[in-house]
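Letters are used for the chains, namely A, B, C and D, taken in the order the chains are written, and counting of residues starts over at 1 for each.
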Amino acid sequence: MPLLEIKVNGRDHQLVVDATASLLTVLREHLHITGPKVGCETGDCGACSVLVDGKLRRACLTNALSVQGADVVTVEGVGGSGRLHPIQKAFYENHASQCGFCTPGMIMASKALLDENPNPTEMEIKEALAGNLCRCTGYINIIRAVKDAAEKMAHGGGDR
Amino acid sequence: MTLKNVGKSKPRYNGLGHVTGEARYVDDIFVPGTLAVKALRSPVHKGIIRKLDISKAEKLPGVYGVITAADVPCNTYGYLTLDQAVLADKAVRFMGEPIAAVAADTVEIANEALDLIGLDIEQQTPVFDPLEAMKPDAPKVRPEGNVLMVGNRPYRLVYNGDIEKGFAQADEIVENEFFFPSQEHAPMETQVSLAVPENNSRLTIYTVTQGMYFLLKQLQRILGQGDDVSHRWSERMQYSFRGHLGFCDIKYVGGNVGGAFGGKTELHADGIAALLALKTGRPCKWRWTREEEMLYSARHSPWRMTFKDGVTKDGRIVARKVFSVHDAGAYTGLSSYVVDKHAFYVAGPYYLPNVEVKCSVVYTNRVPTGAIRGFGVTPGTYACEIQMNMIAERLGMDPWELRFINAMRNGDQLATRTKLESVYLLETMKKLAEVVNHPLDEKYAALTSDPREA
Amino acid sequence: MKKRGKGIAMAFYPTGMGGGGDFTNAVVKIKPDGTADLIIGSVELGQGVSTVLPQMVAEVLGIEYEQVKFINDNTDACPICFGSFASRVTYFAGNAAVEAATNARQKLFEIAAPDLDAPPELLEAVDGMIRVKGRPEKSLPIGQVAMKGLYELHEFVVGTGTFGRPRSIPDPETGACNPLVTMAWAATQIEVEVDTETGVVKILDSKSVYDVGKAINPELVKGQVEGGAIMGMSWAILENLYPDYPSPKFQPRSLGEYMISTAMDIPEIETVIVECPSPEGPWGAKGIGEMTANPPAPAVVNAVHDAIGVWITDIPITPEKVLRALEKKKGAERNGA
Amino acid sequence: MLNETFYSPGDLGQAWSLLSDLGDKAIIIAGGTDLMVRFNRHRRKRSEILVYVGKLGLNVIEETDGQMVIGACASLADITASTVVRQKLPLLARACGEMASPAVRNAATLGGNLVTNARTADGVAALMALGAVVVTASAAGETRMPVEQFVSTPRRQKLANGGIVKQFEIPCLTADEKWGWEKLKQRQGDSRSILSVSVRARMEGDICRSIRLVLGGMAANPFVSKTAVQLLEGRPLSPNLVDRVAEEILSETDAGTDARATAWYREKAAQVLVRRVLTQIA
């Protein structure tokens, strides 16, 4: 069976995986990193969004072995121990979650956006989040949170 | 005294868990030795099971248990009518109805085991259109008939006043039909159940349900302690449980759900996961795929509604007659309750001296419908509010004006003859008019929800 | 050509199950540090029960919201709640939690009374203190009172509460019954833009006013209204599980085939909360979780009519339905002319 | 020797030899956005072996002498973001940028869009309108064929003997060329096309030259319209002629009814979109 070497949230892992296994299966079933959620396994909902070498990816549509040696960041690795990333803080303070199931994916999509574009327009935020479905909030507070995070990050802040 | 907590926008109690990924949902719980569950579902809309052979599936390496109707201690359940089977025994009434279920080491093996089950179903003619199903010669979804009887009537009747007298006072009759389609709740978390046999012959179910105690009673019945059930604990059950499980033998663990909107009210996954846990003595997890969720979970019922209103030239609704047909799908589920709630409120938030509502539950060969945000009132509001604009158009009147003339006030009655208090419709509409800058005639701006003069 | 229109819709919605018979129990337990546990079987599914109930308990006990733990995770330990549905939890579980907290507070008053030299009925719980009404200098920290009760007097400082409604069965002949707990009210206006060539409907703006009785947590209430509004608009123009109803053909199998609104599909949205208290609700609160999805669909239908003069009374208003309705209208006008 | 279930060849030579040895058992995986959906159904298929082609260096995007070369494994996101593509082939940047969602565009490849052979593949429609050539490569050498020819050629003929799609070669827009793109979606975000219309043409004043008008979602595959060529080539783009193209183009279509739309609607909407793209280049 093929061997996968992968870094997740700063920690190196070596594990044996199926050829067809998704990154989502590896994260959840092998490593028990449960921030990325199983919402559809067809790439439609975005609840499993993670960063692979800095790029936003669907963990469910990412063949694990195809990202051999990659650096993966999930919501658990965004803030660091005991600290909230400004995006996490902004989501919390802006009531941007309701059931919370889409939130880890939303935070990763927001991070991918702000890493590339620290000062996005509302339309750019909406485009960046277009692949992350939320059935609870109507996206209003999520968009507000991303704007808030962008502003706070421009002024350097956001510890827990 | 000034309020310190109530009325304040405190942060969400579990908000930090959401943003850090620490919040745990059922699928995030891992119990060592957990088996994966998959169900064999009916490939036809309507049929009779002629043969069900699980012997090959049971022998597949990695399979721990296969259950069929024969394994279910009490194979009828339902909140209102005990008409649904956990696993179909003979008749299948909708495509996707579970027939057998497998617990295996992996999802892949469970899926392979499903392919090894020998299933022979004699197809029968299904019926999908409730209007067709209501006809006497329509194929029968259920032997007792396609329309749910309410007492001796094929509909729920709710009326107040004298509808014919009302129509006699009318200058215009406005009659229209409305259709409200079926929707999926589409929460981001699908149905998940993890059933874990515990110490002391207890069973813990990690559940996504919206009402733990609500569902617990259903599960208790299925597992063999229904009031009117003679215990039929199958010998095929290998695990050393006592003869039956009661209310206190089952522990539901839940309370944190990834969205529901009504879709996690019915018994979707818990029954089969529990039965397989008992059968195998191992923890069993059944996570529905999104496809299963889309195709087979309870959904919004399609509704057809007819409004016939008698109105006067000056814009008063003097008679409103509503007939609604609720497409329940193949089993009752919560339908009779939905239809009652619909009947109570479909006529809308208006003063209606003469109102009559008839509402039928009709069975068809589709997935049973269930609770959803708005529970029967949603299609009512939809039809009523379009009808109001259609009346306004007929009378050449501003739709705002028509609503101000007829808006409910304190002391007005529902169709159920219930008197209302804390009515605030006129005030709410006035506020909206202000927010959207809609000019209001002084006489409407002066209206309040104070009781109308007799 | 693109044409714009506005439509309104009103809504009322009853709090609680239509047939009654449901109830919720609650336990509030005071801990030695003066914080409290609310133990209750109500499920959190995003609506915010785990936030608003602790707010209520904190209010009654005069402590901070952060000092109340919400314990709802299993049926062994948590008292019965019928469930998180029927817009019932803020009202039913709220009343039960308030009663439980009030009873727990009463125990604290009884424990503190001798030390404060005042009868329990003259005491109040404010800012983490049990104190004599009108004499704030005569006070004891709640933690100290709880400690005394638990460790010296061996009192179980706990309160229970329950709230329910009798069953109401409709009269089989008339349908008469009393299903009502309380009623919330709403008014919405939606503006749309219709592309008369492709039939595509775009929702531009949604403004709503909701009477919620009392907003226990205004941001959470707003979140319900906004989320419901987007769901309702999504129903109005996108969602259909049976595109060829009543035939089961073309049933969507994924979230790529079954379209719900994305962040790019949402309009400008404005929510205004008004408060007409319900006599029996906690601080007058009413349940509004479900109704927020109700006014958008008819408002969109009315707005489309305002824009292009056709009635589409079978949502979702797909581009095809718009084009067919416009053709029919054109045909009728031609025949009429 | 070939006892692994997953291979990630590092160059084309390795890939060709693997693919010809494995034969039908090989499944080529690149971005994975289509294949993983299938694997996520969790069905055991013991005989299938994956060959990952993401490490073959097939993600180039470069322009030389008016010709753009885009590697088969270039992601839709890279194409959309590429400055040179945005300048020289804005139609392609636009079409790729409207497909799926950001995370999927980061993984999905243009080559994948071609080989999955979808009815409404927007990337393929744009490539056809642009007159792109597909380069397939095997140990036997390279083969070039227009995208529309590739789409209509059976798989065995076009990808024999371990051949894979290597790259696309696309003539860049010149100063006198115009383009147009219209896509009808079910919703604004992350939506497959109901149909798309794309066009590329050289305008001499109002005279239309070398027009390539492509309809997506109107037949089994996107196709280049012959009607547009017949009616517009060498003629001024008048409103009357635009109307005629919109009407007569339907003789070429085979619009189907599916969950997204009926054939009736597709035909109505196709005419509107054809008018709109032709107005864009007028």
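By our rule, contacts are C-beta pairs under 8 Å (C-beta built on N, C-alpha and C of every residue); 3 or more make two chains touch, one makes a residue touch a chain.
Note that the coordinates shown come from a computational prediction; the quantities given were computed from them, not determined experimentally.
Just to note, of A-B and B-C, the chains joined by more C-beta pairs in contact are B-C.
Per-chain Cα centroids separate chain A from chain B by 33 Å. Between the Cα centres of chain B and chain C there is a gap of 18 Å. Here the spacing of chain A and chain D, counted between their Cα centres, is 29 Å.
Rounded to whole angstrom, the centroid-to-centroid distance between chain C and chain D, based on C-alpha atoms, equals 48 Å. Those residues of chain D in touch with two or more other chains are numbered 188-190.
Chain B has residues 9, 11-12, 14, 186, 257-261, 289-290 in contact with two or more other chains. In chain C, the positions touching at least two other chains are 45-46, 48, 219-220, 228, 231, 251-252, 254-257, 260-264. Judged by the touch criterion defined above, the protein chains are all mutually in contact, each touching every other. Those residues of chain C lying in contact with chain B across their complex are 6-14, 17-19, 41-46, 48, 50-51, 54-56, 58-59, 62, 64-65, 70, 72-76, 78, 80-86, 126-127, 170, 172-180, 182-183, 185-189, 207-211, 213-220, 228, 231, 235, 239-242, 245-248, 251-255, 257-258, 260, 270, 272, 274, 276-279, 282-283, 286, 289-291, 293-295, 297-299, 301-302, 305, 311, 313-316. Residues of chain B touching chain A in their complex: 9, 11-12, 14-21, 23-25, 27-28, 30, 185-190, 257-261, 287, 289-290. Remark: chain B residues 1, 3-14, 45, 95, 128-130, 132, 150-151, 156-160, 176-184, 186, 209-214, 216, 250-262, 264-265, 290-291, 294-295, 299-300, 302, 327, 337, 340-341, 343-345, 348-349, 357, 364, 366, 371, 373-375, 377-378, 381-386, 388-390, 393, 399-400, 403, 407-408, 414-418, 420-425, 427-429, 431-432, 435-436, 438, 449 touch chain C in the complex. Chain C contributes residues 197-200, 238, 243, 250-252, 256-257, 259, 261-265, 318-320, 323 to its touches with chain D in the complex. Remark: chain D residues 41-44 touch chain B in the complex.
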